[in-house]
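Just below sit the structures, each encoded as structure tokens.
Both of the next two complexes hold chain A, though its partner changes from chain B to chain C.
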Partner chain A sequence: MKRILGYRLPAALLLVLGLFMAIQYYVPHPLVQRPKELILQWKQPINAYIIFLAIGGLVAMHVRRVLKRKERWGYSVITLASAAAMTFLGLAYGVQDDTVFADWFAYLVTPIEATMFSLLAFFVASAAFRAFRARTVGATILLVSASIVMLGMIPTVQDAIPPLGDAAEFLLRYPNTAAKRAIMVGVALGAISVSLKAIFGIDKTILTKGE
Partner chain B sequence: MNARTLLARLSRLDRRAVFAAIAVVVVLPFLSPFELRAKPSPETLAFDAAVEKAIASGKPLLVDVDFGPQTMAEMEPMLLALLDRVFAAKCKVVFVTFITEASSPLRRYLEKMEAKHGLVYGEDYVFLGYASAYAYTMYGMGTSIGAYFHADDRGTKIAELPLMRRVKSLKDVSAVVNIAANSFPRFWVQYGVAPFGFDLIVGATAVNATDYYPYLQTGQIKGLLAGGRAAAEYEGLLVDRGILPKAGDATRGLGSQSLALAVILAFIAIGNAAYFLGRRGGAKGAKP
Partner chain C sequence: MNDVRTISSIAFAALTLASAAAAADPDPAPAPTGVRAEDKPDDGGRNIVVTWEMAQTERLVRFEIARIDAKGGRVAIGTAPAVDRSFTDGDDASTAPKDGVPYRYVVRAVLDGGVAADSAPSEAASAAPSWVHRARLPGLVAVAILAAMFGVLVIRARRGASIYIRPIPALAAMDDAVGRAAEMGRPVLYAPGLESVTSPVTLASVGILSRVAERAARLHTRIKVPNYDPLTYPVAQEIVRRAFAKVGRADEFQPDDVAYLTSRSFTYAAAVAGMMTRERTASNFFIGHFFSEYLILAETGVATGAVQIGGTDSVAQLPFVITTCDETMIGEEVFAAAALVGDDPVSRSTIKAHDWFKILIIAFVALGAGVKLVLDAGVLVSMLGGLGVDRAGDVAARISAALFGG
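Entry: the complex of A and B
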């Protein structure tokens, strides 16, 4: 029984639903489309459950860190306190514009996140200065093309030397697109392979065996 | 002091000096009245043309806003320019977001737009709020929006909103505009454009924009605003047509962006010159 519920039933569901969702894409008949709609609608409550599970995991992890006084456990206290405060404010007063929750979001979360991201500009400049070297042929090609694209993005340079702007656009439009397309095709083939292995039970690691 | 010694010294420059140089060039343009104008790229012109085509169709537009505070500097001017354009043209808009962080800023933008353009909520625009399971929801909205959004962001039932009586599914919108700092435009292509065939118009960060060039080439994305510079280009187009009275934050940011790029390039050049001179002289250049 444990094996049926723990492995065979989920594997059977995966096979049936996986094949169904792949086939429905090509069959517009209502007999196929109606169950598809139902399955799509189930995904939202399932997602809500996943978020709940994730929050539970996050809280459990940080509580453990605090109780065991692990390294930098003070940050875990801040995480737990912040999560609790935002949850309380959201539930008690709502999340609309004129609420404390919205104010905390606008005046705490927004500047913190914007500051974190804006630091990137400084680190990119420092890293480029220290590590972006034409050591090999590949690195030289990367360096030259990056320099052309960066220069071509500066309006005054683009106006003064129009071929540089054209070269930057060419690099974005052709070599970049070709490389991106190659990566996309590779990723898609990989995804098909992984999905087929999961659907047909070849890759069993994604399901518990009930043992 | 000869050139080699100078370069060697420069290559050992403390990183705090690099940070200070970037800080100065980012701040300076905001203090100066000098304004840069960028020539619109073909991608920006395509974005503008696709938006104009959508407005001309007379059907409502669906705008999906997927960026948070991290990328606000790059994405906010893009969104505001678009909103000014569509609301100035009295185009009806349905908003949605698939990331929780976007809801709060989007409410503030819409509040400003409501006052600026005299909009009526529910008739001129609707904000459906946040939806999870983005790929599934995008796919499902192709056949029914009401099945995934029972109420809007304010808790009003969808059936009670006059605009939503006209917009039952993605077949009822002129186009979908996705202003996103993540990979969601790719999901709109896969789960929206491919099965349902509507026009998709994208605004993305400069970093993400390179991912969308293949879709632009195949026509699955009709127009693309690639980062802050493209936002400035779009603002310039709207100013030229008299839709915006003056250029906005993207144009102001263009000076900072351009100077920062120039400084980064200068640092790269110094580092490489010192590296090669050091190699020739047998000494070490800047440490990686």
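Entry: the complex of A and C
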């Protein structure tokens, strides 16, 4: 029974539903689309359960950290208090635009995230500095082509040195697009392979026999 | 005096004629012509596409579309902007046409000042659901060919045929990276990306995680897996738990090391960057789909001196992965690595099918480019002319349009 419920039944469901969801993409008829809509509706309660499970795990982890007085347990107290406050505000007063919940979100969470986002400017600079050090042939090509594209995309430079603008346009339109398309084709094929492996039970990452 | 009278009479007559001409509206409202109604292809039914023709004028305000049923009942079903020449009856589900019922359509052009003119009714058309999405058929054929290659290679692998796959340097570097963490007595960090485990790249990433976790368990090394997606979290936790159990070190598995953090990308970046800085993780793995927060994670790893291995299917983030990681898996290599970690011939065969299909694509691209070059260079016109074909240029243009869409 354990083997049936733990492996055979999930594998059979995966096979049937996986094939159905693949086929429905090519069949727009309502006889196929209506069951698909139903299956997608079933995802909602599963998603709700998963979110409950994830947040439960997060809260349990921080409670354990506080109870065991682990290193920096004070941050866990702040996390738990913040989570409790936002949950209370959301449940008690709603989450619409003119509520305390929305205000806390707009004036606390959003600026904190914006601060993190703004760090990207510095990280892009430091990463670019490292990438553009011409230590190898590849890095030198990168340096030269990136310089051409960066300068060639500036309108004043395009007016002053038209060939630079044309060269930047050429690099973006041909080598860059060709490479991006090649990567995307490879990714699409890889995604199909992974999906087929999962559907036909070849991938043992999630479903394993008898473990 | 007579002259003045004559001029006044002429002016009066002119004004009278102008008023009469204005009253008779010398520029009557033009009506749309060529109204056609057709079932919308590749849909689930209850859609009819109406098209018409009409010259664009500044006076045109909008079009009003009406549907006439078999009994002659006329119902206004919607409007279209002056620049449009088509309308889909069915966009509004409450008034959508019924499948199998014939309808005719009339298009009214509304001009400045409320002047309007109706077209002649279209021929009758009825909506019907399609069984096959014809526009998606090439994709289906491609998947079928790939699946067939996949099947042939899996059968060959099961019969014991050896299947060679090119080595992936990043895969070999993974073991060394975990070994480094073990030597330094510090944890390993594995970020499986920001997409759900239902996404193929995350599925591939958790496959690679099983190998990294197993290696970490063998070397008594902690592995921290911060999760962004709630659905990926229990899967990642189970994979790491199973990896520790597999090597007989279930007691060393710490559930809190595989945690769900948040589903806000920059909050996640802040949490993981903090984790790297506090715990001084010796090796970081960033394998999965990332967005703009990637650089915050990886640059923090560079700052802490960690060995980093990255892999993503995100074309926009790949330059940053290459810049910040010691070893990189570009796009499809993530999927290939996931197949190779199990060292299972059947999984390897899927990558081989992948390679065969790429050869097929390259052959098609080369063939298409060659044919296009031949057509553009006028070689086909010369050949057809040489064969005595009348209007060789037109025939060649039609062949080109059929092959390359115009």
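We adopt the following convention: the second predicted complex is superposed on the first by the 180 of 211 C-alpha atoms of A that agree within 3 Å, B and C clash if a C-alpha of one lies under 4 Å from a C-alpha of the other, contacts with A are read in each partner's own complex, and residues count from 1 in each chain.
The rule is simple: a contact is a pair of C-beta atoms (placed from the backbone, for glycine too) under 8 Å apart; a residue touches a chain by one contact, two chains touch by 3 or more.
All values reported here derive from a predicted model rather than from experimental measurement.
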**Study point:** Contacts of A:His29 with chain B and chain C, given as first, second, both or neither
**Key:** second
Review point. Touching A:Leu172, do we find chain B (first), chain C (second), both, or neither?
Key: first
Check your understanding: Which holds for A:Ala131: it touches chain B only (first), chain C only (second), both, or neither?
Key -> both
Check your understanding: Who does A:Ala191 touch here: chain B (first), chain C (second), both, or neither?
Key -> second
Practice item. Mind working out whether A:Lys2 is in touch with chain B, chain C, both or neither, as first, second, both or neither? Key: neither
Exercise for review: Could you tell me if A:Met153 is touching chain B, chain C, both of them or neither one (first, second, both, neither)?
Suggested key: first
Practice item. Applying the touch criterion given at the start, work out whether A:Phe117 contacts chain B, chain C, both or neither, answering first, second, both or neither. Key: both
**Study point:** Which of chain B and chain C A:Ile51 touches, first, second, both or neither
**Key:** both
Review point. Between chain B (first) and chain C (second), which, if any, makes contact with A:Ile206: first, second, both or neither?
Key: second
Point to revise | On chain A, the residue positions that both chain B and chain C contact, one per complex | key: 25, 33, 47, 51, 109, 112-113, 116-117, 124, 126, 128, 130-131, 180, 184
**Study point:** Residue ranges of chain A touching chain B (in the complex, touch as defined)
**Key:** 25, 33, 37, 40-41, 43-44, 46-48, 51, 95-97, 102, 105-106, 109-114, 116-118, 121-122, 124-126, 128-135, 143, 147, 150-151, 153-156, 158-159, 165, 169, 172-173, 176-177, 180-181, 184
Point to revise | Contact set on chain B toward chain A in their complex | key: 13, 15, 18-19, 21-23, 26, 36-39, 41-42, 68-73, 101, 103-105, 107-108, 111, 131-133, 136-137, 139-140, 143-144, 147-148, 154, 195, 210-211, 213-214, 217, 229, 254, 257-258, 260-265, 267-268, 270-272, 275-276, 285-288
Study note, to complete from the structure: chain A contacts chain C in the complex at 22, 25-30, 33, 47, 50-51, 53-55, 57-58, 61, 64-65, 72, 109, 112-113, 116-117, 119-120, 123-124, 126-128, 130-131, 180, 183-187, 189-198, 202-206, 208, 211
Review point. What does chain C use to touch chain A in their complex?
Key: 42-45, 129-133, 136-137, 139-140, 143, 146-147, 150, 154, 197, 200-201, 203-204, 206-207, 210, 227, 230-231, 233-235, 237, 239, 242, 245, 255-256, 259-261, 264, 266-267, 269-270, 278, 292-293, 295-296, 298-299, 302, 313, 315, 318-320, 322-324, 330-332, 334-336, 338-339, 342, 344, 346-347, 350-351, 353-354, 357-358, 361
